[in-house]
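The structure's right below; bear with me while I get my questions together.
Read from first to last, the chains carry the letters A, B, C, D, E and F; within each, the first residue is number 1.
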Amino acid sequence: MWNEYSVGLFIVLISAAIGFLALARETDDFHRLLLIDLVEIPSLAIIALLGTDLAEALILPGLVVGISELLALSQLYIVKEGLRSRPVKSPGIEVIELAHAPLIISVFLVAYGIVLSGFTGGGIAGLGVIFYIMSRGHSERFEIVEMASGISWAVWIIAFFVFMFLPQYWYMAVMLAAVGILLKVAAKMSLMGTMWGAHDE
Amino acid sequence: MIISRISRFISNFDNLLALFAGACVVIAVLLILSLPLPYAENQLYPKSLNAGSPLNPYDRGGPPFTQADIVVQYPENSPYAGYVTAYLTPLSGFMAAHTLYLGTTIVAHPGGILDEILYNTRGLDTVVESTILFIAFGIAAFLFRKGS
Amino acid sequence: MGPEFFLGLFLVLAGTIAVAFPAKKTYLARLINLEIPGWGLLLVMLSYNEALALLTFAAVTALTVFIFVRVLQKKEGV
Amino acid sequence: MNEILLLGFGCLVIIGALATIWEKDPFNKLIALSVMIGGIVPFIINRELVDVAIAVALIAPLSTIFILMVTRRNA
Amino acid sequence: MIPYLIFAIFFGLLLLGIHRKTIARIQRRPGPPVWQEILHMLKFAFKVTWIPATASDTLFVGVVLIAIGIWTAALFVVLAGESILIIFGIYMLHKIVEHGFGLSSGSPYGKFGGVRSVISAASEIPLFVSIAAIAIYTKSLMLSDIIDYQQVHGPLIFIIPLAAFAMYMVILSKMPYGPFSVVEAKELVSGYKTEHFGVWRAGLEICNGLKSYVLLMTFVIVFFGAVPFAWLLLAMVLIIITLAFVCALCPMLSPFDSVTIQTGIAGLMLIYALYLGWTG
Amino acid sequence: MSSVGGATLAHLPFGDIVIYITPFTLTLFLLALVFTILVIASRPERQLDITFGADRIITKETGLTEMRFRRFMAIACGLASMGAMLTGDVFDFALFTSLVGITNVGIVAAVKSRHVQNAAFQYGLVAMAGTVPLFGAAAMVAATTGTLSMLELAKEATSVVPFAVKAFLVLGVMGEGMAPFYAAKAEMFRAPGAPYVIMCSLSSLLIFLRVIEVVLTV
């Protein structure tokens, strides 16, 4: 029975096989990193083909896992290739440095992210912050944001335990969780923006 | 000898990813050959579309502060499952009352089916996931700051 | 199933081939081609009405591009 | 939305994707990519996910801007 | 239980002594007496003991206790007729013990012994083939169920001889002086055990004796079924003599070749398990 | 098959994810616990290196911040393996396994040796590629059976999960931990700091042992 699921799986698995084939033949480390990002797409597609609410609940963590591993590996790549202390010019697209558009887009993304809350909101708000930092060459205090993200992680853990052991307080837990995850993801993502250059603290 | 040639290949860690990717190709082909796979009829957390609802595509029913009917694996383990799904914050209630086109925003706002799954019934997944983010970021930050 | 589903699958397949074996093998060409299967996946998610996953995926893809661009900037030097 | 319009957008997506693959110059690639994205957004609207469409429309150019930062140097 | 444990330690060491003696006789050397390994253990127990200055002391000591602990646990698991998956889990974790012994001292010889122990982890994969083959036939992994099955259907070694071969290879790769014993090769002095002396070494010898006893006993019980105690001991001696022949006649492989051959065997065994799964 | 790791001793429900304890998982859990305690309690050793061409030996010293970071990673790795040992849900297992993979990278990435960093990067690539079969297989289990809970899957008399899907899952776990045993891990293990490095090896073995139980159960 070639149902829709199997048809989708067929195409997606072929893509995965092609991606892995290219990966097997590649020798350059940065190309490998790009290709690994490529093969993550079929893996997410396999989950998406499930087509239930559960699929979405599995995609969101999968996405965040993918990007966080990519972040760690890209930094490891920079360190191992000895590129760490290389100066990087500020983005330097003159148009966006002067215009108001980046500010507006950033504010919109951050505000919308806060309304959405959770993983989705965290990702969108984080993107907004990064875009702002990048276009303005701004850098904030690393440690403070890091601590905020740590605290929000703890908030989320508390929420989890409330859900598990005191389910009658689910309302409080859902608020704590939504805010905790939002802050955590957004803070982590925006810290990437501050890692842009090789500034000395 | 063929054995020592093979062992020379696998002893170089630059070839490791190639080896693994090759294995992945083989298994992917195996999977393609074992298609078509059956798709189980009774899934957990099935999607249902309710055209015309302001919460579309995430309307799972239930007025606020009551229990919506969702299919979970162990209902006895989460007695309050369904409450989060049915809940609307004042802001999302306002949006729902005034427009038909903001369903995603309304459901992503605290409360809604995904919050139910991610935080309540499958909360442990999210604990692990946010820990992965925490650890990966820790590695990146350590490497970034080391020696500067 | 809607046209989005098949359009998405087509983009995933075509994009994957394009990234795996690009016409001109540079980092940039692969990075840009990488967008194609990404949008394909987005269409697949759309066909299943997975709006939140779609939204998150869009945001995360942009972040991924940012990470790659950062490494590329460092790699290519000033 | 009517079928003919959707067909047109579908063609736009395919043409954009193929052009992106075909082109070698990064700038042309980015332009072709934008054509493809332009074909995709109406599909989101078609599902009545207006909020998602707005957000995607805002996010999509960001990737382009990020890529432009390296393209500028190579061009 | 405690007397049985002590008996197992001494009998296991005796088996290792027989192993050594047989190898020596095959190679036309006189060789040490069969109780040499027992004497070794007793001698080390009364020697001067300290911890090297460069060592990570907690780990250096802790790993000895863990080594004895896991194999004691394994013995009792076998006696209680629990799941063989637990025994094989413990068996695989013996790698970690070797690794811990090697790395905790800071000595380069120990380190290389530990590294070699880690790269040869593929030698364990045939075990899972044995497990899978057994599971296909007996529909259970509990030792008690396996014994019951053999009382009805006869010894498993005649039903799935290649699975028995897979497990035999695994035991062989743990034997000293064999073709796969790259972890304690002479170019590394004593490999991972170089820096452990005095009481620590006595502990390691106790672990070795217990390990040999448990592995051979598991082999006999899994593939021959429940036999009277005297026959069990006799079967163990016979198996160790066959192992000694293999060890005496095969040269030691270079580390990566050893890995490749073990992986190759694992691959063949995997195909065999697939075949069994297909037909069985 | 339901009694792979022995009779179930206890359940610990977290909503849909039910942690269950059998003698097998308990054994592995205790081992992970013991080694995590060892990591907390012990100081790193000072590794000796022989200098070629001269008759002298040097000791490698581990810096304090580096040591702290690696100890943190090793403890996280221990917790991740404990979770992977006990969890009763396929996707949760996949997540714990990828957490093990990333902490393994972290344990060695902090070492200031180019060679070790290179090996860590290669291992990281494999670990990241490993998430593809891992999550993919979990999703396919959900699609073909309609559930992710191992307890539910174990109830079936004959296994309903297709063989290729199981192979995909095992491959993913191998990518996260086992495959690098050949080369990259050997290079990684040259790094000083035995208690932490052992955690890499232990966690890989543990997740591999657990996945055997998982594929036999589901």
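In the analysis below, a residue touches a chain if its C-beta (ideal position, glycine included) is under 8 Å from a C-beta of that chain, and two chains touch if they have at least 3 such contacts.
Remember, it's a predicted structure, so these values are computed and weren't measured experimentally.
Touching chain A and chain D together: B, C. When C-beta pairs in contact are tallied for every pair of chains, the largest tally goes to A-B.
Core chain by CA centroid proximity to the global CA centroid: F.
Each chain gets a centre from the mean of its Cα atoms; for chain D and chain F, those two points are 40 Å apart. Chain C and chain E have centres, each the mean of its CA atoms, that are 50 Å apart.
Note: centroid distance chain D to chain E, computed from Cα atoms, is 61 Å.
Centres computed as Cα averages put chain B at a distance of 21 Å from chain F.
Shown for chain F are the residues that touch two or more other chains, namely 14-15, 91, 95, 98, 102, 105-106, 109, 118, 125, 129, 132-133, 140, 142-143, 148, 163, 182-183, 186.
Within chain D, residues 47, 49, 52, 55, 59, 62, 69 each touch two or more of the remaining chains. Contact of a single residue of chain B with at least two other chains is seen at positions 10-11, 14, 17, 19, 21, 24, 31, 37-39, 43-44, 47, 57, 78, 103-105, 108, 114, 120, 122-125, 128-129, 132, 135-136, 139, 143, 146.
Taken together, the chains touch in the following pairs: A-B, A-C, A-D, A-F, B-C, B-D, B-E, B-F, C-D, E-F.
By the touch rule above, chain D contacts chain A in their complex via residues 55, 58-59, 62, 65, 68-69, 72.
Every residue of chain B that touches chain E in the complex is listed here, in rising order: 3-4, 6-8, 10-11. For chain B in complex with chain C, the residues that touch the partner chain are 47, 49, 57-58, 103-104, 107-108, 114. Of all residues in chain D, only 6, 10, 13-14, 17-18, 20-22, 24, 26, 29-30, 33, 36-37, 40, 43-44, 47, 49, 52, 55-56, 59-60, 62-63, 66-67, 69-71, 73-74 touch chain C in the complex they form.
Residues 53-60, 62, 66, 70, 73, 77, 82-83, 85-86, 88-90, 92-93, 95-96, 99-100, 103-108, 111, 114-115, 118-119, 121-122, 128, 131-132, 135, 139-142, 259, 277 of chain E are the ones that touch chain F when the two sit in their complex.
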